[in-house]
Amino acid sequence: MKTAAKAAATNAFSARSGSNRLKDKIFSLVVWGVSLVIVAIILGLLALILERGATHLSWDFITGLPSEIEEGGGIGPSLFNSFYMMILSLIVSIPFGMAAGIYLAEFAPDNKFIAFVRICVEGLASVPSLIFGLFGIALFVEMMGLGLTIIGGAVSLAFLNLPVLTRVTEEAIRAVSQEIKQASFSLGATHLQTIRKALIPSAISGIVTGISLVAGRAFGESAVIILTAGVTTSGVMWDFNLLSPGETLAVHLWYVQSEAIVPDAQLISQKAAAVLLIVVLAINFLFRIPLWVRERKLR
Amino acid sequence: MIESSPAVQAAVQGQLGESMKSGSGKAFDRKNRLLFYNSTFKVVCICSAIFVCLILFSILIFMFRTGVLTFKTVPLTTFLFSTDWSPETETYGAFVFIFGTFALTALTLLFSVPLSVFVAVFLAEMAPKWLRNLLRPILDLLVGIPSVVYGFLGLTLLLPKLRDWAQVDLSDGILAGAIVLSIMILPTISRISDDSISAVPQKYRDASYALGATRFHTIVRVVLPSARSGILYAVILGMARAIGETMAIVMVIGNTPQLANALFKPTSVLTSNIVMQIPNVPFDSTWNYALYMMGFLLLFISLLMIVVIRLLQRKGASR
Amino acid sequence: MQALIEIDRLNLFYGTFHALKNISMKIPEKAITAFIGPSGCGKSTLLRTLNRMNDMIPGTQIDGTVSIAGADIYGKDIDVETLRKKVGMVFQQPNPFPKSIYDNVAYGPRLHGITSRQKLDEIVENSLRGAALWNEVKDHLKRSAFSLSGGQQQRLCIARALAVEPDILLMDEATSALDPISTLKIEELAQELKERYTIVMVTHNMHQAARVSNQTVFFLNGEVVEYSETEKLFSNPEDQRTEDYISGRFG
């Protein structure tokens, strides 16, 4: 009697919604499967680049001069140009980008003009990099008559990164809690002191992440460089002349693979791709290490 | 004793009132100096913000002024609708490239959006915590990988694979381009979608589960609809990147001005055609003007997408 | 009155935290049982074991049995979704979906396979009537649920729970986010609903427990201190701690 009642009762909650169950199972399975496969494919591809290229890397290749016809060319000047132009573009874009971001976060009154400035920043951030290249041609090559130069490429890159820095700075400063700001003001600090001593230190993690983002982008950008700095280097190492042609590593990777006639193009491009990847990943890591250290200290 | 510019003095009076004047002279000098820095800094910031706007407008004006010269010799209808791009006979029909850009973008979204949403759902709803904490930074790092690297992968790995698989002589074309672009924009779309799915309040999920919903139902009927505008934002952002991408495409698209009416057929899009041709043409030529007009078109499309995003955000905010 | 829910020597851990300690009780059918006690005493946790919402919190461990209508709900052949369909829940914060009023109520029935428009209309109307909301919203069912006031939203959530025809309704401090007038309406509604449903409510408001419930359970630090008829518990508590609590000496 009792067992019968129990059996009947058990049925009350047993699986009647069998098809729902099944759908749920299939869905979970598909999501897990698709996600893991995709991540594995992408990581596998990157690992392949590193494996193919990094195993053949030598110091001669990294610092050596490129060769137009014979094999055994290096990537020295291109690699140098990549770093040189990245640093130049950051020198130009960080002050402007941060100042504009601070203005939007801290000083800007809430009016139509500022809304317009924000749309401009957002709009500029969405402009394809190629367009900055075309703009660079018109400005530096045609108007100023400089030809394809390092400075033209670096400033075009800076323009490309300016809106990103502006937005990152604005968001990072906005995210700082109002209490910190008010505490600083209540101690009699001026607005500038508050920004310098309270807001920027609190927002630094976001700002540095943004800088590492644009630094990596400047290092790996190719379309802008091809149009404004060209596909050749001056052919010597450590050429700091701002008016030299400025082919970078990313451009070299494309150039060797698609246009060059050297017999070992395949090998050079594999090694160049590995170096490019390693440096970009390193930039992302290096910029963040001080932050991790700092976070640990604060904890 | 108080020697400062009238402007700063006015600012002192305006901001701090009379009471400050009774303070000791030394502190007051310091105060003046700070206020001077303060206002200078503010001016610098304003100028920087205006500078950013100025760049956008210079670009717009430059691109338009140069591009519009095309129409001195080429009729607008020819430029937009003709498939004949032969600079040697001064014929500049850009339809092939416009169509190529749209077809490539559509195909890319077809591949990448469903996959990205799966990855986003996985990250936000299913992955165990340790895996989530591992995958999120990895995807963020992938966003920063240079596009030329993806192009290189496409050229050296994907094209031969496609050739074998489809038994064609040339596998360059929009299919190869779309696969490369999909891999490129997948991290972007999935991370932004992931953030917007994670931002859906837990209480909606609780309510759904309490009604006897499975996880599948909860995600499909409640969570994804609530995160809709964020996902759409992610898709548009990915789309903008796909439309503007240049070097990854150049390496796998074939760079031939013929209509992309098949998946495996060398063709060209707006960006790839510009970058391949512009280094070799004189600045003051119709050819160059036509390339700038194509650039202006790209610019116009990407700004249009910002407007769409803005409208979406406004709609999202009013809801 | 017959016991519908039987809890026997239930222990619950969140990781190493012993949240519920050796709880045993019988909750009667078609009556209102109130859980009272200071915050963190385990009353909401116990409520959430009844529809297994605790399952979703990682690190939760359960020991002992909870049976509803004679079936061990933590047993092997239990379908959690079917259980939750039978044991509805209303939360502390009104949590309608960002959908229309109609779609909110129809969400549950659709989930469980009802697609006929006519049938859905009928369920929506009955549920909204059951939650005493029909007259206020019948002319704008297509409007967003967020257009309703807080009290209306909470009654919508009750309607949504009723739409899947539960036997038991769990109310987790369902009035704590509401104004006094809305609270009163929900309390009146609960009185009507107990004719058809078994109601278990958690409340931090002793007066509400005294006004509404038939049985009251007093919790302290994860243990049941006292469980009796509401009237008796409030007028003549057996345990000193219960008396201290209801006379406002702590909590």
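Read from first to last, the chains carry the letters A, B and C; within each, the first residue is number 1.
The definition used in the following text is that contacts are C-beta pairs under 8 Å (C-beta built on N, C-alpha and C of every residue); 3 or more make two chains touch, one makes a residue touch a chain.
For each chain, UniProt lists the protein as follows: A = Phosphate transport system permease protein PstA; B = Phosphate transport system permease protein; C = Phosphate ABC transporter ATP-binding protein.
No experiment lies behind these values; they were computed from the predicted model shown.
Graph distance from chain B to chain C, where chains that touch are one step apart, equals 1. When C-beta pairs in contact are tallied for every pair of chains, the largest tally goes to A-B. The chain with its Cα centroid farthest from the Cα centroid of chain B is C.
A separation of 48 Å divides the Cα centre of chain B from that of chain C. Centre-to-centre spacing of chain A and chain B amounts to 13 Å, using the average Cα coordinate of each chain. Computed centre separation for the pair chain A/chain C is 50 angstrom, with centres defined by C-alpha atoms.
Shown for chain C are the residues in touch with two or more other chains, namely 81-83, 111-112. Residue positions 17, 20-21 of chain A are each in touch with at least two other chains. Multi-chain contact residues of chain B, defined as those touching 2 or more other chains: 212, 214, 217. On the side of chain A, the complex with chain B involves touching residues 17, 20-21, 23-24, 27-28, 30-32, 34-35, 38-39, 41-43, 45-46, 48-49, 95-97, 99-100, 102-104, 106-108, 116-117, 119-124, 126-135, 137-139, 141-142, 159, 162-163, 166, 190-193, 195, 213, 216-217, 219-223, 226-227, 230-231, 250-251, 253-254, 257-258, 266, 269-270, 273, 276-277, 280-281, 284. Note for the complex: chain B touches chain A at residues 34-35, 37-38, 41-42, 44-53, 55-59, 62-63, 66, 115, 118-119, 121-123, 126-127, 135, 138-139, 141-142, 144-149, 151-153, 155-157, 183, 186-187, 212, 214-217, 219-220, 240, 243-247, 250-251, 271, 274-275, 278-279, 283, 291-292, 295, 298-299, 302-303, 305-306, 309-310. Chain contact summary for the complex, chain C toward chain A: residues 68-71, 73, 75, 77-79, 81-83, 86, 111-113. Residues 51, 53, 56, 58, 81-85, 88-89, 91, 93, 95-99, 107-108, 111-112, 144, 146, 157, 160-161, 164 of chain C are the ones that touch chain B when the two sit in their complex.
Across the complex, chain A meets chain C through its residues 5-6, 9-10, 12-17, 20-21.
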